[in-house]
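Think of it as A, B, C and D in the order they're written, each chain with its own count starting at 1.
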Amino acid sequence: MKLEANLITGRTAYQGSYLEYKTSPRYFEECAYCELNPEDLSQLGVSEGECLKVSNEHGEVIVRAKMNSGNPRGLAFIPMGPWANAIVDPDTRGCGMPGFKGVPSQIEKSDKEPLDLKSLMRTYCQ
Amino acid sequence: MSELIIKNAAVCDPINGINCEKMDLAVKDGKIVENVSSGADVIDAGGRLTMAGAIDGHTHCAGKINLGRLMSPHDMRMNPVPGLSGLQEPTPYTRAQSGYNTPNTFALGYRYSKLGYTTLSEAAISMLSARHTHEEFESIPILDKWGLTLFGNNWHVMNYVRDEQPEKLAAYIAWGLKASRGFGVKVVNPGGGEAWGWGKNVTSLDDVVADFDVTPRQILMGLAEANEALRLPHSIHVHCNNLGKPGNYETTLETMKLMEGVKTTRDRQALHLAHLQFHSYGGNSWREFESATPQITDYINGADHLTFDMGQVIFGPAMTMTADGPLEYSNARMLHAKWSNKDVELEDGAGVVPIEYSPKSFVNAVQWAIGLELALMVEDPWKVMFTTDSPNGGSFVNYPEAFALLMSAKKRQQIIESLPNLAVDRMVLPGIDRELDFYELAVMTRGIQSKMFSMNNIGHLGVGADADIAVYDIIPDQIDPGTEHEKLKKAFSATSCTIKSGNVVVRDGEIVATPAGRTYWVNASGCVSNDVNEAAMKDIKNNFRRYYTVGIANYMVEDEYLPHPVEITTEVN
Amino acid sequence: MQTVTLTLREKNRIPIEADTISPDNFAGLSERDIEQIPLCLGNTQVFLGDIFEVVADGSDSAENVRIEINGDLSRIKRIGQRMSAGEIVINGNVDMHCGCSMTGGKITINGHADNWVGCEMKGGEITVNGNAKYYVGSGYRGESNGMSGGRIVVNGDVLDYLGEHMCGGEIVVTGNAGLLPGLSNNGGTIVIGGNTTMAAGEMKKGMIVIKGNLEEMLPIYREDGTEEFEGQTYRKFTGDVNVKGKGTLLVK
Amino acid sequence: MKVITDVVCPFCGSLCDDLTVKVEDNVITDIQRACILGHNKIAGVCLHERIESPMIRKDGELVEVTYEEAIEKAADILANSKRTLSYGWASTSCEAVSKAIQLAEETGSLIDSTANVCHGPTVLAVHEKGSPAASLGQVKNRADLVVFWGCNPVHAHPRHMSRYSTYARGFFTKKGRKARNIAVVDVRETDTSKLADKYVQVDPGCDYMLLNAIRSVINENEDVIPAQVAGIPKEEIIELATMLKEARFSCIFYGMGTTQSRSKYKNGDAVSSLLYDLNQYSKSVMIPMRGHYNVTGFGQVANWETGYPNAIDFNRRLAYYNPGETGASDVLLRGEVDSAIIAAADPGAHFAQEAVRCLAKVPMIQIDPYHNATTELADVVIPAAVVGVETEGTAYRMDSIPLRMKKLIDTTFKSDEEIVTDLIEKVREIKGGA
């Protein structure tokens, strides 16, 4: 079961409070998740804390599921940070700004765990 | 420090009554001295025209010009005045340069220096953003600067004027000058800025400013009297109400008359009118628009309490920037142009709008003429300060073009012939054959500034003055400015030599050194009694606590922002 | 007639700024002279001969100069900038600003073009026989006049901001266009063969024809009957009403 | 014990200047009035692990070296590169920015700030239409309508609403929250939208459509608006436009929801155009919700020193500017730089994957107080003092009001400004010798 979703990324106060402490496990907890509408989550058969694979033409990332009834259906939110950025649209559309919001993506349940910061960054060094 | 002697200079120094006399100038420790030792460095001026460093007494060089830059990245590559505009590579002495109307700070310093200017008076410091002005000042190399602080729409000012507390008003101004490290009192569209807080404006000296119950007339009078009570070196510097509107000359006349009653406490004018060109319009609509220079200059020729600057228009692209927020919005609507606005809490505001003055536009052509008319129809050059209100009427790099116009009736006539007939009918310039000489030009670019800002150390070449000197590649008795305008323009565009505080900064039109300039500010607190000051501070602190978004402690510009300060105090010892 | 053939020796990663490659600059120059023309590679200067194999034949004035460039030029910018006459044929992809500010002559790109192709163009003709990216025929930052004359034909797709601030000339795109084509049009003509979206914001004058599907119509146009264009009938819209625009937007 | 008052918070663009900090034995023991973001940043200086020593990557591992070695290595990279990207400079002082620009000019580099992935499009919008703005105090004292468009201050600027906007009490707004209406436009309910009087849920990426529809109402062209635009019924659009038109003073605060969504800078451009129309009827201004506390300051300094606010390319010695070509993300995405110097920002964490891949490939110098994602990719790491806590300097608030950041505690770390000054000197030495 895959959910077609529109991915947006953005700030949260909690992600922000660990901005200068990225090596802390709290930063990981506050960034490596994806918020979905409860109905979307139940459609995927996923409950909060379980893992999701979010993928699109730019890549894929494993994050934990989180519920947010404020999201309309089909809208996925991942806090700004390395996990979100693994799958944003890098094209700057002629004006310098990559596609951090409005990236068509597929979401499915995963039994893999999210990578921690260092492991995630290491994938870029290969 | 080193010694320097400039030999065979044709010195034109109106403050000291010297009119193109061949003489030597001795310089020691950055000052003009009687004589120097035989070991002094020698510059042979070869009979060239030599004046004190020029002073731009009303220019927008720091602060809201940055908003102008932000709005016009395309300005950076504009190059209508080669050598003084556009993108220029760094050299061993200079940083990279950009821009025309809104050049970067480095270009501002270099290009003014090339024109022989050594001091700038920034026309408006917004108090809450004063640090910004001083940061840009510090980034402009070579030149000395000061800035005039905006007071005309300040809540404290309006409250004290309404409540008839002139002493507290003076105390507030002294405090505000210190907070902003400002030099003098700038008044822009008094009352209009506050009205613009609600999207409105005032239209006469007697409109009542909503919520504050004062009129522009009262604000002007209150500030002028406080200015004198504090013995400030400069008079109030006024941008009248109704700038840029047909028929506004009446408001301007009223403003001038209002100040007849002000008793000055220093030997200078009681009122300086900024960019008078924009305030000398006749007609009751744009259709009827015409020059009202005769009405304005008739009055000025009979008055002795005021000075003004021209606000000359230069054809081509310019960038208007002023604290007159409502004016800029109406400019933007009229011109269908980009519009920036910045209202500042409890204080003034600002607006920035690009403009293009076209010789084909009848209005623009008349505007162009009015600036020249004002300078030529006022008999006494000691009332006229040369400006383009850079970059409002046009960039300062065009000053040589405007000098040439003032010095040549023939050149003016050539341009007039290319203007629309309708425009020519609405101006008085075609009938004027006066041509300024070098002496009068030196008055308008150096002498009057020295007097009107009470800056005895600059604007002249007498012993004891700062060694700010410009040598132009002109032999005064071998040129006819009336016919040789290209030669004249070229010489005024790049000095043979500019000396700043005794340092040679320009040689043969090129920058050869970039020492840091100084920043002047006026500390008038000595003219305020302690108890009045304490009472005013109580009000000020109260307003900060309730209405400002920064604390009073974070409002005062710190010493760090003036690494090269010159503090001027005003009390009589 | 003068013909010059440039063949890229090796594909570069750091962009080369090649505003010196134009018929105006090559006219009357020998092979040797052309090899000595400077180009910018990052913060260093290189010579044309270092980057390209140069074969030149004949010597003539700019209008009779034909430059053919072979290779993957996707990191070579500003080819044909400000050219006034003659012809450039590019066999391969080309980087940004190709033909920008040109006033005459002809550029043919047998490959894909990058951003700002024909930007602030005043005259002449550019044909892209592949796709082009962002800001085809538009203006540079802050400038309110983009392309003011000449003609650009893209026989493929283009991306966003096609013809932004255009005030004259003509752009024809055979394929699809990205977001917001024809923004602030002030007198140019744009024909889009395929689909696009949110067209013609702030158009004051000029015409924009969309033969395919206009996916989202900006709520700033008033329908104004129909109009024929190239034998087809289109719904005619006039606007942008918010700038009191008199522009014509033709939509199927 | 030292009590320092009127401390300016070095976290977000709100630049709150009313913090009180207590210091005992050079350790911060108490912070008053800061939000969670500011508190964690200031407290973190003494709590979080710092990069203790300069490091150079050798055989894949960062090993500690002397400061001089690190500077030498860094200068060597810069002096020998053809196209260096200098990036970040937003969480630092204007004085450091000035030095960074000088370094970029002297090395023929390209320099960009974090506006690249934040309010860069806002800057492009100003180029198009200008910036009808006001200081935050105008909003506090006058605004009877505040619109938060695509921004979420509860999370990103936690004290904004109490100090400047929603709850602030001013001269004409003595009743605070009761004196004003709050409207929120967003694609999803947020903690900010929950506090609004009016919440408008726009379809993702359709802000430009909605803004144009509002303009059509303001300009009395309602007839051109279809029954629904951007997922919002026409009646609701008219209601929102009427709120704006009838307000005495309104302010539209806008955030990444406008700059990063589909039509990017055209959203800010359209807000500007809306205000150009609206001010015929009622006073209205716009203020961008800037993120890093001094990203505005970078723009100011760069603008006066180079003529351009960010994305400045000195490759050809002249300043050249063209976001989309000279932005940090642009050049990294195209893989066209051959070295990088990163300071006071973390592109490793905040850039798109393709850009990060390029950063990983080239020699990269990092200047930062903390180990972050970028450190994982860096070849030279130089630790720095935390501006606003360990060193002073100027910062600009989101409304371009400059404030002086204080030094609260002593440190042995060098400031960004000092480090860049040393780098300039070393680069000159290398280039002079060559």
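Assorted remarks:
Simple rule for what comes next: a contact is a pair of C-beta atoms (placed from the backbone, for glycine too) under 8 Å apart; a residue touches a chain by one contact, two chains touch by 3 or more.
Just so we're clear, the structure is a prediction, and the values are computed from it rather than from any experiment.
The chain occupying the central position, as judged from C-alpha centroids, is D. Two chain pairs, A-C and A-D, are compared here, and A-D has more C-beta pairs in contact (counted per touch definition above).
For this pair, chain A with chain C, the centres built from the Cα atoms lie 38 Å apart. The centroid of the Cα atoms in chain A and the matching centroid in chain B are 56 Å apart. Chain centres here are Cα averages; for chain A and chain D they lie 22 Å apart. Separating the CA-averaged centres of chain C and chain D is a span of 34 Å. Counting partner chains per residue, chain C shows two or more touched chains at residues 115, 134-135, 140-142. Under the contact definition stated at the top, the residues of chain A that touch 2 or more other chains are 93-95. Annotation for chain B: residues 71-73, 75 touch two or more other chains. Every pair of chains that touch is listed here: A-C, A-D, B-C, B-D, C-D. The touching residues of chain C, when paired with chain B in their complex, are 140-143, 243. Looking at the complex, you find that chain D touches chain A at residues 11-12, 35-37, 39-41, 44, 48-49, 116-117, 120-121, 124, 152, 154-156, 158, 187-190, 193, 201, 204-205, 256-257, 259-262, 264-265, 291, 311, 323-324, 327, 329-330, 333, 346, 348-357, 359-360, 369-373, 376-377. Across the complex, chain A meets chain C through its residues 93-95. Touching chain A in their complex are the following residues of chain C: 115, 133-135, 159-161. Taken in their complex, chain A has these residues touching chain D: 6, 8, 10-13, 16-24, 58-59, 68-72, 75, 77, 80-82, 85-102, 117-118, 120-122, 124-125.
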